Every structure is written in C-alpha cells, then in structure tokens.
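Lettered A, B and C in written order, each chain numbered from 1.
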C-alpha cells in the first residue's frame, strides 16, 4: 500500500489537479491553501451562473454542506463533473444538526452524483439514518470507531458504500476507508486536529486533490489523504510542542507540513491496516 | 472578582458550550478558532431554513452586524435562543457607518432579543444615538473612554444598559462593562489588537463562549472575556516582539495564548476595577 | 523613482486611507489584514442596501471578481467612489475561466468606473480579448511576460491602458505597470507567492491602500504596491527558509513583513526599471 500512496502523491505532483470547491466561508481559506500545499490548484466559486463553466476546467469537485445555501450551484456543478468523469467529494459537515443539509446530501446521493463521502461518525450516521444525534460540528463523536467495534463498523461502512456507490471515509481518532469491498484503517494523528476549526474540511479538500489526480484509484487516493493528514498532524504537533505554541500555530504548521511533505517520510510512520 | 473569573473559566471547560454565530466572512475563521481555543465548540450557519434547528443545539448565539444581509436568520435564531434561555450577544460592528446596521440593531433591541452588547465607543454611541460619526471599522474611537471621562462614561453606559436590558461592554484601550448596576473597568491589553482585523469580533466570540457556559452570571462572563483578551493580547505582543514578528503573527499568537491560558496567570496581571 | 515610492509610503502613513473592498470570501481576511499592515483601515461590505453609504466614508474602492455575485453592489459603490474622486481598483480574478466575470469587468470598464486594473497575464488578456484560455486561478501564466517579450508586452499594455483609461498592472514573475505613457518594470519577488492563495488579491488590496492615500499619482502608487509585495515576499521567504517552515508560515510572514516595512530597506533591493 505504501507504494500505492507514493504513486498517488507522484501523480498529484505531476498533474497539478485543479479542484473546484463549493464550500463554507469558515474554512475556505484553509481549504484553498491546503490544496495548493498538496500540489493542486484551487478555485472556489458558487455563483450558479458560472459554476458549470468553472467546473469544466477542473479535475475534481468538492461539495461541503457548510455551503448548503448554494444548492443549485452544487447540483449543476456535480452533474458537469460526473459527465466529465471527474470525482465529486462530499463533506456532509453538520448533517446531523440540520435537516436541510441531510436532505441535500440525500438528493446528491440519490442522483448518483457523489464519488467519495468524507465525514465524522455522526455525520456519516446522519446520512445513513436520517438521525439527529449530532450536537456539534468539530468534536462530535470523533471516537466512535474504536478498536472494540472496528470490525462491526467496517462491515457497516462497506454496506453503506455499496448502497451509495461511493467510497466512504469515516474519519476521527481512527479513520476507516472503504470502497465496499476493500477496507483500510489509518491510525495515529494528533488530538490538536480537534482543537482547530477546519480539520475535517481540509481533509476533504486533500481528498479532492488526490482524487483529482488519481480518478481511477479513488480508494487509494482517499487513503492517501487520510494518511497525509494524520502524518502532518503529528509533525505539526511535535513542532508546536517544541516551540511552546498553541492551536492557531498548529493550524499554520499543519498546512506547512503538507507543503513540505516528503513521501519517503510516510513509510516508517505508516499506521495503515487492510481489513 | 478574580475568583469569579476563575469560576467562569472553570464552568467553560466543564460545559464545552456550543456557540452558534451569524457573523461576517472577514473574521469568521478567527472567531471559530478562538471559540475552540477558549473551550467551546463552534457552529456558523446563516441559512434561514436551518438556523432555528442549529440554534436549538447551542448554548449561546452571537449576532455580528457584518452579516447584516442575514437579517431574517438573525431574527429567527435570536427568538429561539431567548425562548431557550440562552444568551444572545450582539456586535454592532460598523453600526456608525451604516444605517442598515443601526436599524437592524434597533430592531433586535426593541424586541428584547439581546443579552449582551459588545462594541467600541463609536459603535455603542451609534446604537444609542443613531449618530453617524463613525469613519472606520477597526480604529474608530478606541480611546474614547479615558481616565478623565471614566465616571461620566460609566454613568452613561449604566443608563444605556438599563434602557436596553442588556449587559453593555464598551471596549477599547480601556474596557467598561456594566449590567446597569455594577460596573467593571479592565485596563491593559496590547496596541497590536488595533492593527489586526477581527480583534473586536473575536472578543465578542469569547463573550459568547463564556456567556454560554455561564448564563446566570452574564456580567461576570463578559468581564472574563475582556480580561482574557487583554491578558492574551499582552502575552502575544511579548512573544511577537521577542521573535521580531509582525501583525499576522500577533493574530496567530493571540489565539495561541487563549488556547494555552492558565487561569492562575490572570491574578497578578489583573487590571480590574469595580466602580 | 525611489523617492516617489517613499513619498507614497509616507502619505499612506499620514493619511490612514480607508479602503472599501467588495471581495471574495477565500482571501477576505488576508486582504483586510494586509490593508491594516500597510497603514490603511479596512471595511468589507457588499450588501447593496449599504454599499453607497459605506463607500462614501472610504478613500478607495477595491472590486474583486471573486465576489461577482455582488454585481449590483459593485456598480453602485463604483459610481459613488468615482463621483467622489476616489480610485477604483479592479481585480479580474479568474476572468479567463468565467464568462460572467469577463462580462462584469467589461461593464465596469465601458462605464469608465475603473482607475487601476491589477491582474496576472491570463486575466488581463481575458479582459482585453474576451479569450477563454485560463485554466487556473493561482498559477495561471504568471511567467508570460519574459525578458524576451518585455518590450512587446509593454507596448501592448500601454495600448490597453490608453483604451481603458486605467493604470494597468500585469503581475507575475515580472510586474509591468503602465499608465499608457510611462511604464515601469519590477523584478524580484518570491516563488512562494504562487504557492499560497491570495497573493494576487493581497497585491490588489495593497494597491487600494496606496492609491487611496495618493489619488493624484496612481501609477506611482501602483508601482509602490508591486515593489512592496516583491520586497516583502523576499523577506518572508528568507525567514521561512531559515525557520524551516512551509507555505502557511510564508503567508503569515508576508503580512508580517508588510507591517514591519521600513521604506529605507527598499532602496538597495529596488529592481525597478523605467521603459
């Protein structure tokens, strides 16, 4: 798998994928910067009068439910992206806290417009069940997948992946990624990721970059995003602790680490398991 | 008072209040990050179709006039928050420069939807008088409350507080906070706070966090926000000077300082006076 | 020219120009912070019900096509700014990728509402030709002006400047700035500027600050913005390399450098040529 991850990263450097994001205003700058740091180019546009034209220039589309107001733009852009064979990555942020967001996700899924879903446990559960158990955006149920329930969670995610036809990434303290057949688990990372806004959105953006450069190996691209985020989170935490800094510096050093990433560093730290 | 501030901070750590913010896009990321740094969780949503549901999950609501376009969302969210007994914190940013913003503030106040007002001198004056004297957002009249006019200013603010039924925080080089009866003055802070965008918005967000965790002691929560901002401003300025950095690093180190805050550090630096 | 640049900077410090920006949400925070770092004050507002009032308080207006949805607000604000004799700076970001943005730029130009245009090569070409060759926002054709085609490019830009009546800044690895008669070339800068989002938007914002304080010498103000950005890019890159940091730190250190700028430092580094 490490060779696959290296291939994903190498393709990304060679292809400089352009990622079109329709995303929330809270973390939009971090998302653009992490896309650039990972070797892509970023365009953020959500006016429905221009999204189809914009999307037609891009290699991947990211739809983040924090921009739920731009529903029409999302639908138009997703149709163009799919028609062009480009991956569409869905982030159902806060879907557990908003019926509007859940319904929009359901619509995108029912029209087969989603290639990859990246969410935390409560968000993915909300998509699957229409449940309303979420009580926050950042810290919600990140630890829901545990060593104890891993096999059970993975089986449930495989089933959800087959049902939606999308690669599913459930991320948190442990990330589980599946295409309905193969399943990968990525451990590690930093607890600081829960203390800044946008760690999830940035992970979704990274997924967009790697999928855009590797449209035929979406599972591998998604696993790469997970692995890079966990590795760079660890790198950033080490630096922040050394410099006696806090959470805002962690955010900066996280994006720094992505921009400085050397694929060879990933090998020894790789905490990847194939189920 | 220092024991009260410690109690406010302790409650915040224990309760992890969720703060729903309807705020401007300029500083929305900093606001979310400072809420997390202070121990809360952040949700930013302003689509009128979902704000009532979102607000019902939260412990506090922040309304920032930089998002004046979301008037309907603000009104709906504020009504739910008040019905649920949750504090609503109003930031009348640039109210002196915009009739639209002043009128929106007046409406919120006339419908008794505001628990705390946090603004600089010209913004608070604009709310009170409908005046149009403001000529900037950042630097406007921050020094208006001086040692010379302090008693007079405090009396005026107490009267404004009683008239609106809200705790009033007039912040600048010197912060004056009153619930109409008791009045606190917080001195200190850093001149760098005027050289970045969002210092005021972030202070309002901090007020939202502490009020969300301490809904029965809003004056004390507001004083805590003021004290934390001034203390962390001083900490950040010291670090920036030591590292020979500029204003963007100050912003990062300010949020860092909030995330690293130790309540015991506040004691010796406390510049609090009760009038 | 260096004396002129010093005069531009001195006027800016003395006049503290207020810049009203109607700009995109991706880089809006960086734009506000660089305006403050350069000695201006920033107000970002795009509700059409308040923009005329807001603009009437400002000394310069920046229109960034990333906010193309706010067309009506842009038109209203530009008319007030021009009536008041204040400079209007246009950033045609991604104009090559969006017909909607090109048409909006054309309208602003045809109504003589633009004082300065700041774009990269593909954006400026798109304005001139209605061409659709752009394939990205950040990295698009930054190297199009080369030593080889410099005289030819400069002649073309002078002609475009005369046709539009605006000072034109084509920026990239080499910046060419002309008022239709005089032409300046600024070399240097940092390749890191292409690895963060917002370098172009921030340069446009800087141009707004210096033009706001120097409305009678727009060419000189634009050259100053170009020179400051290149100089501060070099300063930030040196610091980032020394500290072994990445692209997110570069962004922070870039704004830091603007806030710490000493006009005397510019002299030895000045890479300015008058054609």
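The criterion applied here is as follows: a contact is a pair of C-beta atoms (placed from the backbone, for glycine too) under 8 Å apart; a residue touches a chain by one contact, two chains touch by 3 or more.
Chains and their UniProt names: A, B, C = Hydroxyethylthiazole kinase.
Note that the structure is predicted; figures quoted are calculated from it, not measured.
In the CA-based superposition of chain B (Hydroxyethylthiazole kinase) onto chain C (Hydroxyethylthiazole kinase), the rotation angle is 120 degrees, rounded to steps of 5. Taking shared numbers over all numbers used, the chain A (Hydroxyethylthiazole kinase) to chain C (Hydroxyethylthiazole kinase) interface scores under half, which places it in the different class.
Note on chain placement: the centre of chain A (Hydroxyethylthiazole kinase) and the centre of chain C (Hydroxyethylthiazole kinase) lie 33 Å apart, centres being C-alpha means. Residue positions of chain A (Hydroxyethylthiazole kinase) touching 2 or more other chains: 25, 29, 251-252.
On the chain B (Hydroxyethylthiazole kinase) side of its complex with chain A (Hydroxyethylthiazole kinase), the touching residues are 16, 18, 25, 28-29, 32-33, 36-37, 41-45, 47, 49-50, 53-54, 57, 251-260.
By the touch criterion given at the top, residues 24-27, 29-30, 66, 68-69, 94, 97-101, 134-139, 195-198, 245-249, 251-252 of chain A (Hydroxyethylthiazole kinase) touch chain B (Hydroxyethylthiazole kinase) in their complex.
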